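Next up, some structures in structure tokens.
Two complexes follow with chain A in common, the first pairing it with chain B and the second with chain C.
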Partner chain A sequence: MSSTAVSAASGLRLPRWAAPAGVAVVLAAAYVVFRGTATLPHDDEAPQFLAVTELREWIDDHRNDNPLFLYFLNYIRLFVGALHTLFQSVLHALGWPGITGVMGALAWLAGGWRVALVAVAGVSAFGVLGLWESSVDTLALVGVAVLLSLAIGVPVGVWAGLSARARRAVTPVLDVMQIMPTFAYLAPLALFFHIGAPAGAIATMIYAIPPAIRITALAVSEVSPTAVEASASLGATRRQTLVKVYLPLARSTMALAVNQTIMMALSMVVIASLISAPGLGGDIIRGLSRAQVGIMLPAGVAIVVMAVVLDRMTMALVDRDPHTRLRRLDLLAAGVPAAAGVALIPLLPRVWPESLTINVVAEVNQAVAWAETNWYAVTTFAKDATTYALLNPLESLLTSAPWWLVALAVLTVAWRVSGPRRALTALACLLGIALLGVWEHTMQTMTTVAVAVLLTLTIGLVLGVAAARSPRFSAVQRPLLDAAQTMPAFVYLLPALALFGTTRFTAIFASVVYAVPPVVRLVEDGIRTVPAPVVEAAVSTGSTPGQLLWKVQLPMARPAILLAANQGIVMTLAMVVIGGLVGAGALGYDVVSGFSQRTDFGMGFVAGVATVLLGIMLDRITQGADRRPSPRKRKVT
Partner chain B sequence: MSLFTTYVERGNEEAGVGDSPDSAAITVEGLWKIFGPRAREVLDGDDRHLDPAALREKTGCTAAVRDVSFAVRPGEVFVVMGLSGSGKSTLVRCLTRLIEPSAGSITIGGEDVRAASPARLREIRRHRVSMVFQHFGLLPHRRVIDNVAYGLEIQGATRAERHARAAEILSLVGLDGHADAYPDQLSGGMQQRVGLARALAVDPQVMLLDEPFSALDPLIRRDMQAEVVRLHREVGKTMVFITHDLSEALKLGERIAIMRAGAIVQVGTAEELVGAPADDYVADFVRDVPRANVLTLRWICRDPEPGEPLDGPELPAGTRVADAIGVASASSRPIKVVAGGELAGVVDRVDLLAFLAGQDTPARATA
Partner chain C sequence: MKIRLLAGLVALGLAATGCGGATVDGTAGSSAPTGGAGASAGPSGTVKIAINPWVGYEASANVVAYLLENELGHDVELPEIKEQLAWEGFETGDVDVIIENWGHPDLKKQFIEEKKVAVEAGSTGNKGVIGWYIPKWMADEYPGITDYRNLNKYAELFRTSESGDQGQLLFGDPSYVSNEDALIRNLKLDYKVVVGGSEAALIKSAQQAQEQRRPLLFYFWDPHWLFSETELVRVNLPPYTEGCDADPKKVACDYPEMDLDKIVSKRFADTGGKAYELVKNFSWTNEHQNAVADDMTNGGMTGEEAAKKWVEANPSVWQAWIPK
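On to the complex of A and B.
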């Protein structure tokens, strides 16, 4: 790089890349000179950590005499806890015949017999996998969290949809909530609401509420203004217009809000198990921490099945022809399985019969062992190549550079990509991380994120461009992408763990798999939406397909590609932090050990805050692209 | 020229501009609507007299309606016509305060609309004034009959009552048999019939129609215009009709107000606008109107010259020029134009030919 800079300097007029190259040279030189000075090494006993641990001790001691807890937080906990108990006892009282019947009936009402079949088969799968109890616990937790999310999110969303001022107030809060890695919620919640089901439900609710608010607001603000005006012109009150015009017209988009809220909740309930929320997540966490794919796999499959069933049911509501009304026949048909299920409760055993379950733990573990030995060459090559060629050099670069140099580099890059205001925000986040005492671990996490993002963008661009150019490839790829985006984030750790064991690369692999689908989709859509007349004009001047791609389609798709990069980074960070469970170390590991060991609570808490700051920083650096929609945005827009 | 001025004045008296507000269905006095953060300041200062472009330059405010006054007689079809951006849609929305006016007074059926409380305003909207929109504003999730019944529903009518009334109105607008369809299953013209029916269902005294047919195909538009004429004849509502289409305005309007840049340039009958445009803007507008179909003999008759024979056929002054041609071709004598039993003037074949050829009318020639 230095040689190119020199040759540029010898020219009369500096080319456009000369300034960035010059800055890079200066930064590199500064690194060589100051390497090893002003580093901020990690200290498990840092005073910041101890202070937080002490705070927790204090809160635990005063949970029952401090007025804030006594009269406010404890009541919330009790309320959510009672709600959860209610859900749980109703579901357990229904037993497997009742739940199967009722779910089948609801699915029938939502989308006809096909969806009902999926629902019945899915619910039965929980029993077959031998996970009936924990599946029902998860269902109860998701139920509570979704109910609360909608109870709060829909009114707020409607308000934000009606009032521009409310929207301006809510949007930045949602932005921050959406780039916050899931782990970050847990520690403060454990602090205020203790651990257990209520805290898990609240954490899940916080994670799932942004799409409920955002999509509801969108749905309401998209209601035809003429219809609203017509209603007002006939003398309707605001309430009448809301109930008779806004809500019915927003209904099908609001069904999408329900769908997204459920999907988000499903991916969070697993993580909520870290603060002792009951359900399938417990099995997954146990499997992850012991690196036992056999324990995880059934639970992972059950979560995916639950996601598919709930997704099909709610998407059927979204896609439903707005003019069809429920026919009596449908009500009858749906009533049959529900009644049958409920009637069978006393007749069939309460517990799913042992003979109908399949236990696969041993087989799966064997299969994984087989894969480890037989694919050793391939997996180890991929792992080692990434580790030695990318991870290690970058990590030693970031950890041995003086902190002020890293800060300077971040400021420069962010300034150039996203402008001064965002650059200063990014700088403030970085300095905050330094003050928190987790600099070294943050640099390590950032290394993992950087490598994962690099791989994600490379793969995403290639697949996206391929899909945009070949309709057949796109047709094959699209259902895969749809399926991938329905799955809860956690599931991706499964194959990663099976193939690579517990290493940093495992987290990278999982986050690449997790973040590639939206990147592919954004790139493909970006290229496809290049106006046809422009493409036609380029072809008519004799461009080759390659020239068309490089000179027309990619430059015009630039905003979409930048947005893809931004999304990729935010999603990757979330996954890399979760990867702390499977050997990615650094911040993610700090967070996890903060939950498992009381003495490390402070470190875990601080690491959680640092991931938030890191997330905001990376987001601001890359926000040069346009406004960013929800990270789990679907095909339906 | 003097003939014209007297005629125009008389026309205005007939139109009731000078009448007391009680006898008018709608009276608007000095109405202003200024959009923008500093609307109040602009209104209180001298800036309001600036033309709209300069005002926006100077204050960032947009004056959509500027000092508009007019009165609409009961049962009249009053057309407000202007190009897009002339403020006509804002004006019509100000009448029921769908857009809150900045200044001025509005009286509908003797009631001061601007002083009305929110509850009272809703009463006015529910029972006195209803509106038809350019893009229909139908509720897609409701069947046609429930769309028509919407106004009655929010008034609290029972289902049976409102459906009976809605069915009645649907057959009035020719939509029998479509009660159970959804709006998106109907053509544009039929959707606007639903819009008309919804406005009629509450039995208002006044209907405001905001470019109701602009979104329709020309042929359908002609049908719908005929429909409005028929409905007006049958139900006799006072109508304020907004349009940017001059031929529509001439066809429907008993009187027409021409708006430009938020202000009314001229109010008058089609004849007055074509015969005596208030300024070049209006003249430009009406240039392509076939004058023989709009103007009457009143506009082209002249005093008989000495010795001219006065034993030709007699026609009333209100006869349209186009209708006089047949009479003139049957008799070589000049036509005697009679108004109120007295001789107003004469018109001969040469006058008619000169008029049809687009040359100056004798009145202008003598002026």
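On to the complex of A and C.
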């Protein structure tokens, strides 16, 4: 934007829109002339794919004689597996009385009787929903993944917090770990670690480690240098400084790291069960393959409940005054439920009694069937209108344009929005995609993402503005947004599938539901933080509410809105890839196909890499606008 | 720091297993833990039957699971695992039994002959055929539509918002056995495969197509309960001849009629005792499977309830499976 301003000022006196409009005209003209040439059509048997498939076969054949597997990867698998078995057997041995009692006690210690009540109610909910065993399996899997994530993440985070060089080395790795759609690394992961609980735990760790590292690093780097110097001047060794100064002072922020790690791990539960990790995810997958929302919903609710319980417990640690010590009374009070629970183990059945469960499968299915038949006209209209008006024209535009023209357009837009360095990164990613041989599918995925982002931003802006202007609306909306963010994304797929059939629009709908909440939050926040004097000045000079919004609040909230766009894009991309399961096709389907058909492994792997490149490209194009280095705080509640 | 930590883990592992190196099934290291939650199926141990994503399979699995639990006193786990991944489960101990296997000669070669982690456990008694189907009203209305040579003539009928200017061929779960892409390419059909994602998507589309007289060409298979409710007609592709599907990229013929069979892990065959005998003896007809699957899909029953109903109604059939 600054470059146009400069050129406009320097003599020619062109209007501000002249340069972009001129570029657009040139690009459009080039499209008309070169349309249909150099389009890089998709080929299922591209040499790139076949080479990767062959590599996979080779690795698979040498799994039991290659030293890398024998002395390294297989041991990791065995170690994680043994740890998981330990967690699982302990939890199952406790049975429901034991787990309820112990969770209640831990919650009491963390945050007093209120939190303890939440924990006991939450744990009982697993039983009432009829999902006791799956919930315990999930708890064991999440427990292992979180424990190991912290065991690796906290030391690395401390190191990154203390040394700027370490931080620079770690950051790009974390970026890739977070931007990569979780779906995309399942197939390669299954190749190295096979399937089952250990592989599931490792997949979860890949996703849960980055926040552990980032937040720990932040916590350590924020420790006041005065305290550190004081300790050094008193002759403390480096180790003493670390253990006695850094860690205690960073404690509360590090509790936040634990909290975020748990939340991330919970959001991987469904994905992990695609490679046969036990737990609630299995129920959701079953619901998806039977097309029964009634099976999926209770499992989704159980995951949300688990998230709420663990969130309250860890947030209570974050909020606690670091100087209070545990009182003996609290210890006693916490001991009672724990002791009661453990004492009741032999008396009560281990599994939740069936008579105390409620079964809502049939009711939920009926409700969905009703909506399906009665909303048919509306949903078909929405689907067809979007598909024929936006999706199909844009897709044919992108797939019929020569690849160099698309690259040129990306370079121009990125340069203008985010500056030359990021524009060159974006261009490099795009060229990488072309070399990988998945150009056509990438263009199709990009179309779906673009339409989804457009809808997300429109809806997010409307809701965000409404929430900023009416506190009551905001209060009503907030819990809904919270639930939408914690609910596993897969749960949205099914109602969307019922309403819209197996189409790209289904994926778009699911990703809009998934990505709208953070956009709403950012927009609401952006408008709210416009300084009150500015608003008052505008009002006192006679602005109508409409003028106030369009001329003052929205322009001043621009950075927040651009950040919202950036986040929306990354989240939407992740969801569109999952949409490959239900008709969204393109890169997402290539990935799905890659881990369900062995002959397509190469294509799936390459498509996964391409998704990462596409994600980085879209991120870089939009990132410069808000000047934040790595704005991905998904699922912050 | 990370590397040092991992190195420490490896060192620990090495110490624990006496430097033997570890294979994935955990048998090489003498003390490698194989999972107390039931990796090995001893007498009265846990039997893990993989659940592939179609209801006929689930019907068989639930009946076998019911008998294992109630007649032989085993615990049974039914993890959701898709076809090809389930074979890997034989290697890791996550799967003991695949109760209904559709062909997969390549996997048999790899896991039975080369890796020797699985063995065949005989036929299920079910005959399986995959094919392309249309609702019956279309066969009545459009002469010759059931011949693949005429499909291009009618391609326009099958256009949807997802298939663009080609006809749509609706496919099911991405993990299903599939020659669709090769068939379309090699028979030069003007069609595009659109993936529905699940069996349920196929069933619903087929029902709507017949009731609302909407055109639909879709991938489906027999045995399936849907045939007794909705009239479907199979499209004739070039007939199957021995070996015409040998090269998956060059397939230009219909699917063969397959003798569906059971595959079990080597470990389960060796140590499963009576449970293994029962799985091996299990054999029933397409009608039996359809009855259970119908109860599960349309009768509102869980797999366990439907299995119980069938078991109570057909003692003479299953009593022959119970090992003496």
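Just so it is clear, the second predicted complex is superposed on the first by the 542 of 637 C-alpha atoms of A that agree within 3 Å, B and C clash if a C-alpha of one lies under 4 Å from a C-alpha of the other, contacts with A are read in each partner's own complex, and residues count from 1 in each chain.
In this text, a contact is a pair of C-beta atoms (placed from the backbone, for glycine too) under 8 Å apart; a residue touches a chain by one contact, two chains touch by 3 or more.
Only a predicted model underlies this, so the values are computations on that prediction, with no experimental measurement involved.
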Simultaneous placement of chain C and chain B on chain A, clash or fit: fit
Partner chain in contact with A:Ala236 - chain B first, chain C second, else both or neither: first
Partner chain(s) touched by A:Pro278 [first = chain B, second = chain C, both, neither]: second
First (chain B), second (chain C), both or neither touched by A:Thr503: second
Which superposed partner A:Thr226 touches (first chain B, second chain C, both, neither): first
Touched partner set for A:Ser593, first chain B, second chain C, both or neither: second
Residue contacts on chain A - larger count, chain B or chain C: C
Touching partner for A:Val245 - first (chain B), second (chain C), both, neither: first
First, second, both or neither for A:Gln477, with chain B first and chain C second: neither
Inter-chain angle, chain B to chain C through the CA centre of chain A, in degrees rounded to a multiple of 10: 150
First (chain B), second (chain C), both or neither touched by A:Ser418: neither
Partner chain in contact with A:Gln623 - chain B first, chain C second, else both or neither: neither
Lowest inter-chain C-alpha distance for chain C and chain B in the superposed arrangement, angstrom: 24
Residues on chain A lying within both footprints (that of chain B and that of chain C): none
Residues of chain A defined as touching chain B within the complex: 224, 226-227, 229-237, 240, 244-245, 248-249, 251, 322-323
Chain B to chain A touching residues, read off their complex: 93, 96, 98, 121-127, 129-131, 133-142, 150-151, 153-155, 182, 195, 198, 202, 208
Contact set on chain A toward chain C in their complex: 44-45, 61, 63-64, 67, 69-72, 74-79, 81-82, 85, 88-89, 92, 151-152, 155-156, 159, 190, 194-196, 273, 275-276, 278, 282, 285-286, 288-292, 362, 383-384, 387-388, 392, 497, 501-504, 581-583, 585, 589, 592-593, 595-599
In the complex with chain A, residue positions of chain C that touch it: 1-2, 5-6, 9-10, 12-14, 21-24, 26, 28-29, 32-33, 35-37, 51, 53, 55, 79-85, 88-89, 91-94, 106, 114, 161-162, 164, 170, 173-175, 178, 181, 194-201, 204-205, 248-249, 297, 300
